[in-house]
């Protein structure tokens, strides 16, 4: 199962929760795990709040401060060293439990794709396993 | 399977290893994975050393330095922007292998819940899958 | 399934992709997940680019800047507080989907062990689960 995601800015946060919840619903899996993965080296998957989308903006700002642009060895090969480092720190996947056939997300949790080298067409690979 | 965890400070680290090891023992699962997840947007699960609990304190200090309080857009909505960002960077889950019916933790590894917005009653959801 | 990894410097990045891909190939598992885990508190598993190995060097440099040596409570117990903190932030495992019997890594993704307290003999535990 794959989701196609279109990002709109160099740095962007896209909420995938609704689409992933729908895949889980269709799968009819009572209890297990839902793994969400980006096959990209300059994007990441996170789980946090999106009711206030400013948290995503704050995350991009925080990472910009910690990992500045333009000072990395890789920037001489491809000008996106900071994008790779931010993606590595957040990681390419998150795993969420499935209970009673639904994602066991907390009230304030959403599953989001973070792009650090957009705008691009990105893919998220969703894998469900039984517990 | 759910663990109830009471945190005692705004920032707190609670070792869950003994309780999770007991759940794994009871499950009688020879080989597989143990996934531990917090359904909270201002808490995280980590795996590291707790024989010296100062490592947990050092982690809280390090993250306080990297992600200061009070400077985030989300702080105008709810005064815990830094808590969300720290939780996002560490992530809401860890997955540990099960071998011969036991957690395959290294000698110096413990599974811990980190709260960035306590004191609170927190939950950890434990899922075991067969390999 | 375990891989033995010899690291060569205090801070080192070792690409495990080829060996893990071979384990997946031998397992003859059509669809599922591949979990890679280090049972060590001063090492981590990451997924990112290694076609330009300078990205690994950049990661070590970035983390050195964010988490300085010698200023942690744990340094009085064992002089590797920074190593524990870096390992905690990156985390001890990554999980990659398996599709058509192969790792569903993106073109620029590799699975790497990062040591922050080498040179040492390290172990990576690989677990495959069916989807």
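The chains carry the letters A, B and C, assigned in the order they are written, with residues numbered from 1 in each.
Throughout what follows, a residue touches a chain if its C-beta (ideal position, glycine included) is under 8 Å from a C-beta of that chain, and two chains touch if they have at least 3 such contacts.
Because the structure is predicted, anything quoted here is derived from the model rather than measured.
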Copy pair chain B, chain C: interface residue numbering same or different (half cut): different
Between chain A and its twin chain C, rotation from the CA superposition, multiple of 5 degrees: 120
Inter-centroid spacing, chain C versus chain B (mean Cα positions, whole Å): 20
Per-residue multi-chain contacts in chain B, two or more chains: 66, 89, 91, 95, 129
Interface residues, chain C side, partner chain B - complex: 35, 37-41, 66-67, 72-74, 77-78, 81, 84-85, 87-89, 91-93, 95, 125, 127-129
Chain A partner contacts - residues on chain C that touch it in the complex: 31-33, 46-49, 52, 54-55, 57-59, 61-62, 66, 89-91, 94-97, 99, 104-109, 129-131
